[in-house]
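The same chain A turns up in both complexes below, where it pairs with chain B and then with chain C.
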Partner chain A sequence: MLKLSLVSYRYAGTNRLALRDINLELADGEVVGVVGANEAGKTTLCLVASGLAPRSIGGTLGGSVLIDGHATADLQMHELAALVGICFQNPYTQLSQVADTVFEEVAFGAMNLGLDRAEVIRRVNEALAAIGIAELGERDPRRLSGGQMQLVAVAGLLAMRPRHLVLDEPVAQLDPEGRALVADALRRLAAAGTGLLIAEHDTDLLVGLCSRVVVIDNGSIAEVGSADEVLVDPRLEKWGVEPPARVRLARAVAAAGMTAELP
Partner chain B sequence: MSDIVCTDLRYDYPGGVRALDRISLTIGQGERVAIVGQNGSGKTTLIRHFNGLLRPTEGAVTVDRWDTRFKPVAALAALVGLAFQDPDKQIFAGSVEAEVSFGPRNLGRRGSELESAVASALAAVGLSGERRTNPYDLGYSRRKLLSIASVLAMNTPVVVLDEPTTGQDARGVRTIEKIVARIAAEGRTVVCVSHDMRFVAESFERVVVMGGARVILDAAPQEVFAQRNWDLLGSTNLGPPYSARAGHELGLGATPTEASLIRALRSGTSA
Partner chain C sequence: MILGGVFWPLVIVGLLVLLPAAASRVLPQLLRFAVLFSLPIAISALLVNLFFYPGAQTVIFRLGPITATAEGLSFAIEILCRIAAISGAVTLFYLTTKPSELVLDLERRGVPARLAFVANASVQTVPAMAERAQVIVAAQRARGLNTEGSVWRRIRGIVPIVGPVMLGSIAEVEERSMTLESRGFTHPGRRDLLWSPPDALWQRLLRWLLVVGLVGVTIAHFVGWL
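Entry: the complex of A and B
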């Protein structure tokens, strides 16, 4: 379980609290979506929930972030890495820069967990196949398209099978089919017990993937509830969040004074 | 007129990956064109030919009748502004203002002309209040808007944006839609690569669909997102926007945009 209690966070060298009074629990196997406007604090929440803030990037953390009972502030990077994975917003940032093939890149995290070679190879093949990029195995990861790089970043995390996984807009650069494959893979990971925290603008991705959704507004939690409730909340647009396509269209139809049985 | 003409364009990356295969495409001055296709289908590689960042392995690309093989990138930059997919590969200056000034300054703008280009570009993306901010103190979504402002400030006849709505919230997407509309209203060309089919259907008059390094469909959204093309779209990992699917299910014909679906509902007939 990942548990944030009264968490506040301030980036190094700034006075502004980027997060304030965040209380959030992520149970094993649970999938929680995080939505909110640009710069509302979604990325900061991802960095804090994964322990990278403050461990790796400094700053001031208030309250506590516990992962399986361990305070992230007390853990070393290698201890954190064994408990929680993070998928960065910019996939280029995720690349190890030491692997010359996609296969080695995807294997990098799993190898560092000390797994035996045969197990790593099995997991890498499985991860590549799950999101439809088996044919990229021999390619240079630094020479992929933005979307392909994002898929490689996700595959590397799948191969690690982390106990908890934090994802910052994991499908932003993917084509619709790639989005569907990643969603399926994440669903399977959760079914196997991984807790997932997913910051995402694409609310259509969150429908049917998340059980709960958290709305972040100006560094605080503005709303939290079941995905079914939050994703149709009329305040979403005020919070800078695009509602799912079906919700949006239903509203446009109603605003035009008509009714339709939308699929 | 700054037409972009690709003739039998082929491009192989070092190592032999064929990214573009026999692309013949003309984008006329003032057109609003979206380029879509599965990840790795060659979209970014194609648009990097429009300002000479890449040169054809075979075939040719001309901009305003200039063959890009023989024209320096600096000269092409005055014709075609290109905002990268990854803003962090574009941004280099220490302040928002310096970042946005760089392009127009290199095109020779000075004084009030430079200032007005910078001010209007920053206003367009909503960053007027951040002139002195270090770009890396902005979040990803605003760095992306900054990279777009840097291109807008150059006031080029052709503007090319690589996945501009990536990472944007609802307001950011509206901002990009307005920018596209304004560039078009000024008679300038705007080309966007995008995976956001709603944005594509709502903001563009022409959609170029890429698959396996080739153009597999090139038509208006009404045609591209019509049900008869869904299988073809599926072959390059795409699907129609929700309005198109809903319109089809409701027996309303091809309704790629929300407005067209509502019109069709109102008239109760096929669009």
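Entry: the complex of A and C
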């Protein structure tokens, strides 16, 4: 379980709290969406939840972040890497840049954990199959589309077998096809029992994927509840979040004085 | 007389650079790259030695106040031969060795993973930055930047291209370093590598033969046989 208790965080060199009194739990196999306007604190929450803040980027952390009962502050980065993975929005920066094939790229993290070669190969094959990109194994990762690169990045994290994955706007820079590829992959991961914390502007991605959704506003949790409740909340737009397409369509239909049954 | 001192060096360059390049089917590229890289220094070495070799007596021709000498030409050819050997060997290495395989092999031989990564990433960054620069050049041209024409205009055009290339790369560094950390890059100890570059018995023998040959040539040079 990933547990944040009364977490606050301030970036180095600033006086403003980027996160305030955050309480959040992510159980094994649970999928939680995080939505909010730009600068609301979604990325900061991802960095804190993955242990990268403050360990890697500095700053001041208040409260506690526990991963499977261990405080992130007490763990080395490579120990954290085995427990929680993080995927950023820019697929290009996710690549190691030193692998000539997708297979080697996906193996990079697992190799770093000190696993023996047979175990690495087994994990890479499983990760590629789980994400549905086994056919890309021999391709040069730097020559893939953005969506495929992002899938490779997720597969690379998966090969490290973290109990939890934190994804910071994983489809933000992708075209519709890339979004669909990543969404399918995340659904498969969730079905396989990986806990997912997904910060995302695209609420359509969260529909049917998340069990809970958290709304972040100005560094604090403004609302948390089941995805079915939060994603239809009329206050979403006030928080700078665009509701899913089906919700907007239903409202447009209702505003026009018509009724429609949406799937 | 002029080529007498460089006969064996030329044979060695032919045997150890040109022949392997031909066998690797990179001879045309090798000649092109090696000539391009060494041309400026080769021209200056030729001119300086041909016309200004100290103490030379045998005049070939005069060009106003300066004199071309046979001793200078002979020494210039020796220098050119050395330049050809160096640029040829470096170019052959570049054309026939994948950086990733080289670094992998270095790591297999005990070079720390971090050092190997830095070396590999540095080499791999060059084409990535070139690609980024092409995109930025296209974007800046679309916004009216003129990078063609006079030298001054070209120089002025560099600034709005270099800035975004460098700043973009720097901006990516933090995210890239966090990605590496989250992928266990700081894990202590050695990594079990996925594969090793092929290294046949004849390749190992040839490498040892080259080492023995190097030692032999060095000794031969100092005792006056070469």
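Everything that follows uses one rule, which is that the second predicted complex is superposed on the first by the 237 of 263 C-alpha atoms of A that agree within 3 Å, B and C clash if a C-alpha of one lies under 4 Å from a C-alpha of the other, contacts with A are read in each partner's own complex, and residues count from 1 in each chain.
Everything that follows uses one rule, which is that contacts are C-beta pairs under 8 Å (C-beta built on N, C-alpha and C of every residue); 3 or more make two chains touch, one makes a residue touch a chain.
This one's a predicted model, so the numbers in the text were calculated from it and none came from an experiment.
Of the two partner chains, chain B is the only one that A:Ala37 touches; chain C does not reach it. Of the two partner chains, both chain B and chain C are touched by A:Asn90. Shared-chain residue A:Glu177: touches chain B; no touch with chain C. After overlaying the two complexes on the shared chain, residue contacts for A:Ser56 are found with chain C alone; chain B is out of touch. Touch criterion met: A:Ala107 reaches chain C, while chain B stays clear of it. Of the two partner chains placed around the shared chain by superposition, chain B is the only one that A:Gly240 touches, whereas chain C remains out of contact.
Shared-chain residue A:Ser145: touches chain B; no touch with chain C.
Look at A:Ala252: by the touch rule set out above, it reaches chain B but stays clear of chain C.
Contacts of A:Asp217 after superposition on the shared chain: neither chain B nor chain C is touched. Shared contact residues of chain A, touching chain B in one structure and chain C in the other: 90, 92. Against chain C, the residues of chain A that register as touching in their complex are 47, 50, 52, 56-57, 76-78, 80-82, 84-86, 88, 90, 92-94, 96-100, 103-104, 107-109, 111-117, 120-121, 142, 156-157, 160.
Remark: chain C residues 98, 100, 103, 113, 117, 120-121, 124-125, 128, 172, 174-194 touch chain A in the complex.
Residue ranges on chain A touching chain B, taken from their complex, read 14, 36-40, 43, 89-90, 92, 136, 139-140, 143-148, 150-151, 169, 172-178, 201, 204, 236-237, 240-242, 245-246, 248-249, 252-253, 256, 258, 260-263. For chain B in complex with chain A, the touching residues are 13, 15, 17, 37-40, 43-44, 85-86, 88-89, 137-142, 163, 166-173, 195, 197-198, 234, 236-239, 241-243, 245-246, 249-250, 258, 261-262, 265-266.
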